[in-house]
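Here come two complexes built around chain A, the first alongside chain B, the second alongside chain C.
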Partner chain A sequence: MKPISLFQKNMPIKAVTVFFISNRFQVIFFLLVFPQYIAHSYMIWFIIALGILSQGNLYILSKWISSSYSTKGYAGFIELFGEWKVRILTAVALLPILVKLSVLTINFVSTTRYYIFPSVNPSWLIFVFLLMSMYVAIRGMENTIRFSIIAFFTVIWIILLFLPFYFPPNAAWINLFPLTHSWSQQTWKGILFIWATLSGPEYLICLIPWLKQDQKIVKYMTWANIVTVLELLIVLIASLLFYGHHYLLLIKYPYIEMTRYLQNPIFERIDIVLIAFYLFHLVFMVSILLLILYGAMRIIFKKVSKETTRKGFLITCVITTALIIFLNQFLWTNERQYKTWMNIEVVMSGFTYLFIPSFLVICSKIKRRRR
Partner chain B sequence: MRKGVRTSILAFTLICLLLTTSCGVRPENNLIEEIAPVIFWYVKKGENKNLKISTAVPPILKEKKQLFSLQVNLLKQGAKDFNLIYYREMKVGQLRMIFIDEQVAKKGIAKIVDSLLIDPDTSQRLFIVIVTGDFEGYLKKQMKDKENAEYYLYRMLKHYEDQNQGELTPINLHEYKKMLYTPYTDPYIPVFKADQQNFSYEGTAIFKKDTLVKTLTKMDDQVFQLVGTDNYLKYLAIPKLSVVLGRVHTAVDFNLNSSYSKLFIKVKMMGRLEDYQGENGMNDKNIEKMKSTIEAFMEERTKKLMKKMQHMHTDPFQIGTHTITPFGKTLTDKEWYKKWENMDIDVKYELQLGPLPRESK
Partner chain C sequence: MFGKKRQAVDNRTTQTPVSLDGVKKSLTNMNDAQIDEHETISGIKVNLIYIKSLVDNERLNEAIVKPLIHDRSISVSEAIISSIKEKVYTLDEAKEALLNGHILLNEAVINEWWAIPLQSPLSRSIESSETESILYGAKDSFSEQIDQNITLIRRRLPIMELKSESFTIGSLSKTTVVLLYIEGLTNPDFITIAKEGINNIDYDFFTDSSQVSALMEKGNNSVFPQFQQTDRPDVCARALGIGQLIILVNNTPFALIAPVTLFDLFQSPEDYINRWVVASFLRVIRYVSFFLSIVLIPLYVALTTFHFQMIPLQMLFVLTESRSKLPFTPFWEAFIMLIILEIIKEASLRMPTKAGQTLGVIGGIVIGQASVEAGFASKVLIVLVGIAAIASFLVPNYLLTKANTLIQFILLFLASQLGVIGIAMGLIGILSHLNSLTSLKQPYLAPLAPLYMKDWKDVFIRGPIKTAKERPEYLKPLKKWRTSRRN
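Presenting the complex of A and B:
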């Protein structure tokens, strides 16, 4: 059998792809869950404020990306930390990656199950879903990164469907008021959630070696960030106008329920069509994460210098699938556990986004000074 | 060899995809010959605390129609029991209307509506209608005489929803729920009266939270449509003054004073004279006089209606929403209702009549 080369670099990918990857990584979380503590109109201000803050963080991230360590890829990390430390750090990083992977998969599968296949076994859906992602991932890192463009364009137009909700009789402007609120624990949760939604670009750290070196990367990340903030605002305001704050709290998937309310002479169930489109987005996310996971495994087991093998990748995938099915069956069975997992994911992705870029930049600064 | 593996993975993925879409893995069977997609439920009070729910099957197929009724404890239990007595499986994906008997509505309908809301198969555009009288009798008679009677009922509701015309205001599940769960607002639903021959519009049912407290009919209903909803009235009939106004549009302005003890309602009403059977001739002077009589009459009726609403502690006019400002604190639901019940109300109408088609003498 000819060996497969998952991580081969044939042709550097244009830097504009950063925009697609970064933006899709950011919005995904919000699309799947619309948490109840963000269903207030005063959250509009926080989305804007955190969007600006996130921009600062992206600037730090771009500092790392343009540094000499980053462009060297794995060798750069070895140079910076030493092999042992890299292995330990990678092992630690497995946790957020696995949690992200499981939360995304299980959330998407349970949404699909609720709307389309209510009587199908969830394990089966998880299996099929991961199989699709595996198929994309096995094409190699380069192709998967390029898939982000498809993922972006299959989903972005959906935002247009929310425009009818800005006009009467669907909308009532009074629903948007009052725009202020007293500070409470809910506010903190909302802020944390919005920050977690804006997280995601930190995964670019793993993808930099495949991208063409370009000074414009920071520009593309900025645009991605702006589009994300706009998307969040459009959806949040539309749902507030349509439902009003009090009723919105009772709706679990307003994002899908709202599109369902639109009338179409051809498809009655617009929600089903939309979920099928979101599948592209999800498959892209999960396939990238699977490849990153496989890369991490290779670092931990000291296989970096060897060829990538089909067997190794499949083992990684099988373990992941088994883990997710196990989680879904035993640790994701009721509403309380669901909330716990969501909180874990929110805290973890918020944490990684906030600290990893600064951590890397500080480490490289210290290293350079010691020299 | 490598190609072989790749092809087999692709083939396997495709097979799995196909399996999830139709056959295998316990999906739902939707063969059109074997199912009956019902388009309405009728919920009525049954014997000893039960509900009696009815529907007509098959809905569209050219087959003899039947009206099925069942005594059940729960709404969705009915969906199950229907399957057991009928050779087709009932599907609720096409459910378009739910008719609720007035007696049930007086006990509260939140639970019925909630159970519909949970089901992802049920569209949020499901119309809710309150009926009084013998609706079953009407349906049975109609089924004998013509095809698809229930479908035409649906078309009627849809017609008035699209035209936004105040003859009646159809309310769907989403709108009802929104009114129910938003503070300071109480829902309203159209009421129909059925007997063996007719299915006629009665008025608007006013709710206090989820229980029916009052049905507005005739003049009260017209006032409600003008002041409480965004609709326009095609005809505003005032028999007492022997006058009919046509195409009546209103612009309503609710003004609350800062302590919420006084409410000013200013209604600007635009329309044209459609019919006048009075004794006075139609010259300019008389028309001016008539205008002020109509204004005074409408003011009195509106004031009376508002008093009634205050008395029943309900606010279907959603006046409370006018207390909300972009910045600042809002009242709680309870605080508002307390203020609402003791509010002084002042109503002012301003009628604009379009030009008459002929020269007045």
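Presenting the complex of A and C:
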């Protein structure tokens, strides 16, 4: 098949794009999942606290981004670790990428089926969504990164729809109190989930070569983090005010469910329209992850020096689709399995966000000292 | 006069030198070719060779023949006082000059040749634009004469920095193409890319500038134009002023503007005449109309096929009653009506103006009403088709209006298969496609993606002129400020 320039760098992408990528990578998980153990008013404090902690982590990440190794891309990693170690690390990295990809896609498909197409085969929906993402991804990394701006603007306005839930008669402010709690295992789970929600900017490590080197990157990551924290707070507080803690625990998709109560003279069931808009967000995420996955495969199979091909990318996409369908069909069949996969994703995302930036910064410092 | 003159000078030594026999042979079987022999008072024999259909015969007599015959000079070059006579050396140069409406003047004894431009002024008068008509503002528009078009632009930009470079393309049509830009303002990369694009054109015949753009574009399969076509000199002058470049093509009134973005195609010259609040409102209406024109009918199909629960109860009653006796599914109902609409639109364009208007009325009212009564379409759909059709014409760019139709059909199909999710998928596909398109290698979705927030003052709205002190950043102009104080 003909070679295509999936990873070509025609024009350095403006640093402001980091804001859109970071923010979109962060919020999607929360919006799709919103687990029960976070449905407590005291979690507001943890969201703020972990947001501040995440800022520290972003500072470490920015240290790596501004390092000479990072800007060289693959060559920088080779310089730092050597080829063999890079291949092994890449193979290990496949796991969190695949889990993230699967959890996001299956969750979105579940939401779509729950609200729009209850009788449609989920495998078919997975295939369609992956096909769409492939269409976006095949236009290359540069264009897909730029697509983050479109993904951002097509969904960010949705947050404004939650403002009516802050005012009576929708809001019962009594539901927000007390803002204190007694420590339990649920609290730890909640903290871990919020941390996992704030993860995502670590994927910037794979996108640095396409971005314009700019001192402002850390500023844009900070803004992304702030907007994410604000979004999480707006949604959590609105849902607590509207449902109250006890009823909130009984709802599967509180975020989407709330929008069903919005009144509109032209459309009812606004949730259906919103899910359609969130498809922009999902497609962006999946297309970026597919490209990262293909890049990782090329590193593992020593194909980096060769041109990217449609065949190679297609094979990666087909395998990924088959894997997600298999997962959904056999390993995601009941509530227990669903929770297990959620826990795996939460732990993995939290782990990668916490350790990868620090690990890379420490390795680069050690390497520099040895010189 | 000679598009490839410099190249010709280099190759002169290898080309056939011009001779009377050579020229005569080239003019064989051309009944409008004329070779006149004259002798001056001082006895110099002169041959005048020209193509009657291409030259201005009155000017030929007044400016060439009379001075030549009655002059007592000792050489022809002294007799003909024309500042734009050029010496001709090769047979190819001579042929090109003749075909461009020049007179070839040959001093027989010493075998010297000159070419003097005397084109017949075949041109229609300057009329107002039919494709981009406005109520207020300049009324002039381009014609088929490239020189006249350049004049219309130069009158608006009387500065020495306005450069025009000429090229000749088309092995048969020998079409003159002129590249216009403001030196020291337009980004040199655009000029280089445009020149490369024009030089790389290898085709025989050109009837319109759209063919030139088609051969210069990268994504040929796109329905979106990557060059803006306009016949308005004020639009061209404004484009030059902000750092874009213009390509004029001879024998067509439509100039090309590049690099353009999708948002440029939504701008109308009237935007800069109306008060900024009104202009902004109208621009937003245009975007909304474009969106409605592509989404309205697919949304109807999606709602009536999959998402009845989205329709408010009162509206649902009307819709159910309206669709109760229809033999078609919503998709086929909408598809047939849209095809009929396209037939009516296309027919009214091809017919004489008055007949076209009548056809529009017949198509809109009679066929619409009849199809409802015959049970082919619901009343709701007829209303929506009408709204979508009118909304599509709000976009000032005709090529984009045409692209609407195709997008509408694609979304219609997707909506019939996956409802609103299908429409969202279609929109993702379109936006992803637009995101990867370029115009002269510049992103087509700028200043949205890549993001240039400062340029938003004149994209989705038209901000006050007082605040628009900077030229668009995405055009990377060499002079950033529009005010003289800051440059």
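By definition in this document, the second predicted complex is superposed on the first by the 369 of 371 C-alpha atoms of A that agree within 3 Å, B and C clash if a C-alpha of one lies under 4 Å from a C-alpha of the other, contacts with A are read in each partner's own complex, and residues count from 1 in each chain.
Criterion: a residue touches a chain if its C-beta (ideal position, glycine included) is under 8 Å from a C-beta of that chain, and two chains touch if they have at least 3 such contacts.
Note that the coordinates shown come from a computational prediction; the quantities given were computed from them, not determined experimentally.
Undergrad: Could you say whether A:L279 touches chain B, chain C, both of them, or neither, answering first, second, both or neither?
TA: So A:L279 only meets chain C here.
Undergrad: Identify the partner contact of A:V304: answer first if only chain B is touched, second if only chain C is, both if each is, neither if none is.
TA: It touches nothing on chain B or chain C.
Undergrad: Could you say whether A:K14 touches chain B, chain C, both of them, or neither, answering first, second, both or neither?
TA: In the superposition, A:K14 touches chain C alone.
Undergrad: Regarding the shared-chain residue A:F177, is it in contact with chain B (first), chain C (second), both, or neither?
TA: The answer is first: A:F177 touches chain B but not chain C.
Undergrad: Have a look at where A:V128 lands relative to chain B and chain C in the superposition and call it first, second, both or neither.
TA: Once the two structures are laid over each other on A, A:V128 reaches both partners.
Undergrad: With the two complexes superposed on chain A, say which partner A:E268 touches: chain B (first), chain C (second), both, or neither.
TA: both
Undergrad: So in the superposed three-chain picture, is A:C363 touching just chain B, just chain C, both, or none of them (first/second/both/neither)?
TA: It touches nothing on chain B or chain C.
Undergrad: Please write out, lowest number first, the residues of chain A touched by both chain B and chain C across the two complexes.
TA: 117, 128, 132, 135, 268
Undergrad: Within their complex, state which residues of chain A touch chain B.
TA: Chain A reaches chain B through residues 1-2, 4, 114-115, 117-121, 124-125, 127-128, 131-132, 134-135, 138, 168-169, 174-175, 177-180, 243-244, 246-247, 250, 257, 260-261, 263, 268, 310.
Undergrad: Can you name the residues of chain A that touch chain C in the complex?
TA: 10-11, 13-14, 16-17, 112, 116-117, 128, 132, 135-136, 139-140, 143, 146-147, 149-150, 153, 265-269, 272-273, 275-277, 279-280, 283
Undergrad: In the complex formed with chain A, which residues of chain B make contact?
TA: Chain B residues touching chain A: 1-2, 5-6, 9-10, 12-13, 16-17, 20, 25-28, 93, 120, 123-125, 164, 174, 177-178, 181-183, 230, 321, 324-330.
Undergrad: Residue numbers of chain C touching chain A in their complex, please.
TA: Touch residues, chain C against chain A: 306-307, 309-312, 418-421, 423-425, 427-429, 431-433, 435-436, 441, 443, 445, 448-451.
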